[in-house]
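To keep things clear, I will list the structure first and then write my remarks on it.
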Amino acid sequence: MAEQKKDLVLDIKDLVIHYETDDGVVEAVNGIDIQLEHGKTLGLVGETGSGKTTTALSILRLVPDPPGVIKSGSIKLDGKDVLNLPVAELEAIRGNLVSMIFQDPMTSLNPVLTVGEQIAEVIALHENISEKEAQTKAGDMLEVVGIPRERYGEYPHQFSGGMKQRVVIAMALACNPKLLLADEPTTALDVTIQAQVLETMKKLREQYGSAMIMITHDLGIIAEVCDEVSVVYAGQIVEHGTLEDIFESTMHPYTEGLFGSLPNIEERKARLQPITGLMPDPTNLPKGCCFAPRCKYCTENCAKSRPDKKWVSDTHYVRCSRYEEPGFQIERRGQ
Amino acid sequence: MEAAKINGAVQEGGAVKRRGQAGEIWRRLKKNKMAMAGLAVLVLLILVSIFADVLFDYNEIVIKQDTSIRLQGPSGAHWLGTDEFGRDILARLVHGSRVSLSVGVIAVSISLVIGGALGAIAGFYGGKTDNLIMRFIDILLAVPSLLLSITIVSALGPSIFNLMLAIGVSSVPSYARIVRASVLTVKDQEYVEAARCIGANNFEIIVSHIIPNCMAPIIVQVSLKVASAILSTSGLSFLGLGIKAPTPEWGAMLSGGRAYLRNAPHLTLFPGLAIIITILALNLLGDGLRDALDPKLKK
Amino acid sequence: MSKYIVKRLIMLIPVLIGVTFLVYFILSMSPGDTATMIAGEGAEAETIEAIRKEYGLDQPVIAQYGKYMWNLLRGDMGRSYLTKRDVFTTIAGAFPNTAKLAFWSILVAVAIALPIGIISATRQYSMVDNVGMVAALLGVATPNFWLGLMLIILFSLKLGWLPSGGMNGWQSYIMPAITLGTGDAALITRMTRSSMLEVVRQDYIRTARAKGVPEKAVIRKHALKNALIPVVTVIGLQFGGLLGGATLTETIFAWPGVGRLLVDSIKSKDTPMVLGGVIMLTITFSVINLLVDILYAFIDPRIKAQYR
Amino acid sequence: MRRQGMKRGLAAILAAAMVLGGCGGGQSAGGSGGGQQAAGGGSQTEAGGTAGGVADSVITLGDGVDIKHMDPQETDDIYSMFLLKHLYNKLFKLGENNEILCDLAESYDVEDELTYHIVLRQGVKFHDGSEMKASDVKFTLERAKEKAGTKVNAKYIDSVTINGDYDLTIKTTDPYPSLLYFLSGESMSIVSEAVVTAAEANGGIYEEQPVGTGPFKFVEWMPNDHWTIERFDDYFGDTPMASSITCRVIPEASARVIALETGEIDVALNVGAVEAANVEANSDLVLETGISPAVSYLGLNTQKGALADQRVRQAVAYGVNKQEIVDTILEGRGEVANSFMGKTIPGWNESLEAYPRDVEKAKALLAEAGYGDGLKLELFINGDQNNRSAQLIQAQLSEVGIDVEISMYEWGALTEAVKAGKHDMFIMGWANRSGDPDYSMSPLFHSSSIGSNNSSFIADDKLDEMIITAKTDMDNERRMQEYKDIQTYLKELSPWVPLYYSMSTAGRRADLEGFEFSAATGNYAGNCHYNK
């Protein structure tokens, strides 16, 4: 079983995060568990607002506070209890043990500092080397991500979107982190650039041996880079398994819905089957299964209580009450 | 036909949204303790100025001189003391709030309307219009405000409104600049393009999209400028451009007490405090409003 | 860049012409007969007429203006109607006094405003924030002459630490600089606060934190520089304002600055002196604006790119 | 105390002057050198033992307003005149009681109505080392005829004839009894022909490096900050006690007094009524006061509306409570003005009595004139102090049934409005610094002055005739009586309500000696010094 995994780089247990605003309490993360081994890649899939980014930020303890409050749970990063670490140690971990690539490369670089400076900064912070060496190493990193080191002294506005994201990647990998958090790293880029950037990331991650959490709503990317997949809905992991588990033996109706909204190039006859309805209001989540209102398999039972994890194999679990009923299976399985 | 309908629908929607927004802003504002304190003080001041006649009779107390009790400090009979003519300072402060508050508000409104319009036009149309208006603003900025005030007041004759006009005109440039800058940042935004696509004309765009987006810097500026407007009446009345005596007005009281600052400090202290409290309240409210208006800033 | 500066300076010329023209006509329209004002209190009609002739005030205004501009073009700003002294020399004598005071005042303002603004922004809605903002506002709400005289009474009369006025040694700068600086601090504080609040919400601040940059360095290195742009604008505007002279404060502290000079000149309809002052003000404002814009370029590389 | 000392000194000098031939004419009191040197002389003998310490007195003064000019013939303001008094000498000067004393003139005699023969003092040096001669005097007087400010009076000078280096004759165009007073004014300070001619060559001006014959020479002037002068060692009179005098401009009266209290300045000039109390309250300081030659008045427009009626004007005069104004505006530091000219001016009518405050009488007069049910009048003013007076008058006249509306103007606007006759009433002051009574009459009440300073627009044939007669009467005694009669007649006409004579004030450190305070003729600081 998952709990027995050894040598975990990341171990999140029952994480609950709320945003307590004037307008009400947003239940962003509702009991997420993540176990990730060294060197492995986990994909977090889900719609916008499902709590993926919040989860990733909590690993860095960067959930904006106020209003964000980590209500319960624990996060162990390479054995360190992130939630109870003194700030100084936390700062020592960020960018070093774990680093993050953000969604929008346009805004995630400081416009008034040169790209070189921004890379050198993280190196100088975490490695005990001189300013000069840090600069040299920052130049190396630029080359690693495919940018000539001559551009060290240029400012972000002089770079294209894809180039910026490469800079961000260089910055994230500069200190050889054990865990890389990639929050939709390619969403803001156009398709050809996406592929290049993704390729770079994949290559480098393997080269550096970092574990990675890839946050995306693009199943294609998941298929390309991930070892394991967690499907997130309304702050909960509704289905988790290896890449094969999820792609080949899809269990959850929501996962099915995600596949259904992908255009299928081989079968052009098949119409897109978008998931109907909208995500529930996070300030007012339904009592039962959060997906129930949108679920075509929904029964009266579903609205009564939140479904628990149901392990279907060593690597695969699903949260869906219908699996209490023997013989239930979703349409995709039937095909 | 079709376009008009859509347009109408949009406007309707806009109105609904705006009403909703006002409620939302108020709800956010209520949470801000400092802003509410400011609002409370302002409401109190406005009430005091409205009921000034009930509190103190104008002819019998406010302008009643009695030189036998001049320059007396605070006492039971005169809570804030008496001025150089033996008039009750509290009564004069209460009645003075009428003039001072309206001078502040009207002077600022004048400069906001003129400056805002100039700035919006300059920013919106750009090019030659912009250049022409902004050079004019530069020129206006270089003319000493005192010279402007003297000329306006003297040319139009000494009256409260002309005084307000004089004070207002001298701060036109700063509003023009702020509004222009805001317009420049807003006018190429997608939602403005969108509004244009559905057939909104320039005026509608300025009113419903650009102006609301300039609110934050304008509110900050307005709340500070009301302060300087009230203070500048004191400077102007020192030059003989103020409110006609014996009408009480805070600025004039402040400057009138200047000669007695050492020997009878209460003559300046209390009008000074009145001005300080008003300005504080106004600015706290202004800050709160700014935060409440800016959805990005919400907690 | 230098092309840009030259362009900006050339744009100054029409503004200067406009300003002098406007001021000349405002002065000629403003009440009070110039010759009478020059002649002084109680002068007789004969004297006034003699002066009118001597100063060419019997000519049409447009002719007077033309003559003034012609002389100006040749570098002659004329002589004061009132004291007959050379306008340029007089202004050049007073301006450094004002500039020195303006420099220290803006320094006081910035020294008050930046820390309060930054702390307020990093601890929005906290007690520190509220107290800081109220304190900053007190500065602007307190009438300058009142604060000035209170300072004099306390530090000169009661304690005997500082000279009561005049421009004599570094001690004499302290009180006027505080009086002016506290007045200007409020706007800078608020601008710093709101600008910081805007900047700390930006993605690149989160990036910096994610990199493990310590919080203090995040504020100092990443946030502040970005937040400074609107703040620098305000500081520039206020510094420009201070360079125009602060009449009341100069009066209280017996400071020989341009504020008093200008107000006295306006009151006595000393046209050449007023025009000289206005020309000085215009040039000062423009140069300050230009400096601010150049400073932007140093702060923000994106802006620098536009100055080609 | 000080005056007695001066008189004793005077007697000594007087004896010396007699030997030299005397400063003739009818002015028997005209001892050369005058009071100031005498007083200085007294102190100097006292200080003789510690001469070194005294000789180096560096004195700092503070005044409210900066000087405008250092060219005497351009000067018309009291602040510049104060400086000029230290830099220059005139042919004559005024004594404490407005008597004519010789200064650069050694003696003079009036040969006929139009001819004045003047003998100059010999050995007088200008600050540049050259000697002052009759040619310089002639140059100065002729220069005065050209200059706008001095022209009005100097036009009566027909010719100046040099009879020798130290001897000249002045002829006037008409009988002009004011001539000696005019020549005693600071604006008639004698300048050096050589220096002025050199400075004014090529369109230059003579202002920036003034050269006089006075006890002090010019060092520097920093506008709006200070001026400094230092002792002129070749001064023809007694060496001044102060070696250097700096006068700082401290515009705010309270700051000026504070500077005096902290010892930053030794003398605070013109401290004003309110701040005078702070000087008095400090035992380290002494307040000098004296009635100034100025009169403050409420001017009435005799050609507009109700005020054209003499009864209404008198009603206003009865309605105004002058004593309350003195008590309030001047903090009691002044006197109710009984007449239309300063009480220090020769010819002032001391027996005239101001209209007493009498509400009933005022009401009766108004009713008689047909304004029994009220009257509305506009009062034009400028400045803080007059604004206060106006508010008092407003309250006082409201009891009489006159509704006063106060319109405050900036100075330029006020003079223009008042000259144009847009006003009903206005408040102004008139300072006669010439010492000659005509300067208190012709400019203000002669019909030819309407449009300049006759802002009450009084045009009365009898009055005009009286003024002209007095102006040209060479018999001094008769002339003075004529002025007294004019004042009596003016009271009846009531073109003004004279309000008050204010006090000139100055504060000084109590241990400072030798400061010569004179409200009438201007202060002299040349002999200021501290004993040890």
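Going by the order they are written in, the chains are A, B, C and D; count residues from 1 in each one.
We adopt the following convention: a residue touches a chain if its C-beta (ideal position, glycine included) is under 8 Å from a C-beta of that chain, and two chains touch if they have at least 3 such contacts.
Predicted model only: the values in this text are computed from it and were never measured.
Enquirer: If you tally the C-beta contacts for C-D and for B-D, which one comes out higher?
Expert: Looking at C-D and B-D side by side, C-D shows more C-beta contacts.
Enquirer: If you average the C-alpha positions per chain, which one ends up nearest the average over all of them?
Expert: C
Enquirer: Quick one: chain C and chain D, Cα centre-to-centre, how many Å?
Expert: Inter-chain centre distance comes to 39 Å.
Enquirer: Hey, how far is the Cα centre of chain B from the one of chain D, in Å?
Expert: 47
Enquirer: In whole angstrom, how far does the Cα centroid of chain A sit from the Cα centroid of chain C?
Expert: Using C-alpha averages as centres, the distance is 53 Å.
Enquirer: Counting in whole Å, what is the centre-to-centre distance of chain A and chain D, each centre being its mean C-alpha position?
Expert: 92
Enquirer: So which bits of chain D are touching at least two other chains?
Expert: Residues 254, 409-411, 413.
Enquirer: In chain A, which residues are in touch with two or more of the other chains?
Expert: none
Enquirer: Could you tell me which residues belong to chain C and also touch two or more other chains?
Expert: 30-31, 149, 153, 267
Enquirer: Write out the stretch or stretches of chain C touching chain D in their complex.
Expert: The contact residues of chain C facing chain D are 30-33, 36-37, 39-48, 50-51, 54, 79, 82-85, 90, 93-94, 97, 149, 152-153, 156-157, 160, 163-167, 251-254, 256-257, 260-261, 267-269.
Enquirer: Where on chain D is chain C touching in the complex?
Expert: Chain D residues touching chain C: 68-69, 71, 74, 76-77, 148-149, 151-152, 205, 207-208, 222-226, 248-252, 254-255, 258-259, 261-262, 264, 409-413, 415-417, 419, 430-431, 443, 449, 451-453.
Enquirer: In their complex, what parts of chain B are in touch with chain D?
Expert: 63, 65, 67, 70, 84-85, 150, 153-154, 158, 237-242, 244-246, 255-256, 259-263
Enquirer: Given the complex with chain B, which residues does chain D contribute to the contact?
Expert: Touch residues, chain D against chain B: 253-254, 257, 272, 274-275, 277-278, 324, 327-328, 381-384, 387-388, 390-392, 394-395, 405-411, 413-414.
Enquirer: Can you name the residues of chain A that touch chain C in the complex?
Expert: Result: residues 60, 62, 87-88, 91-96, 99-100, 102, 104, 107-113, 121-122, 125-126, 155, 157-158, 168, 171 of chain A touch chain C.
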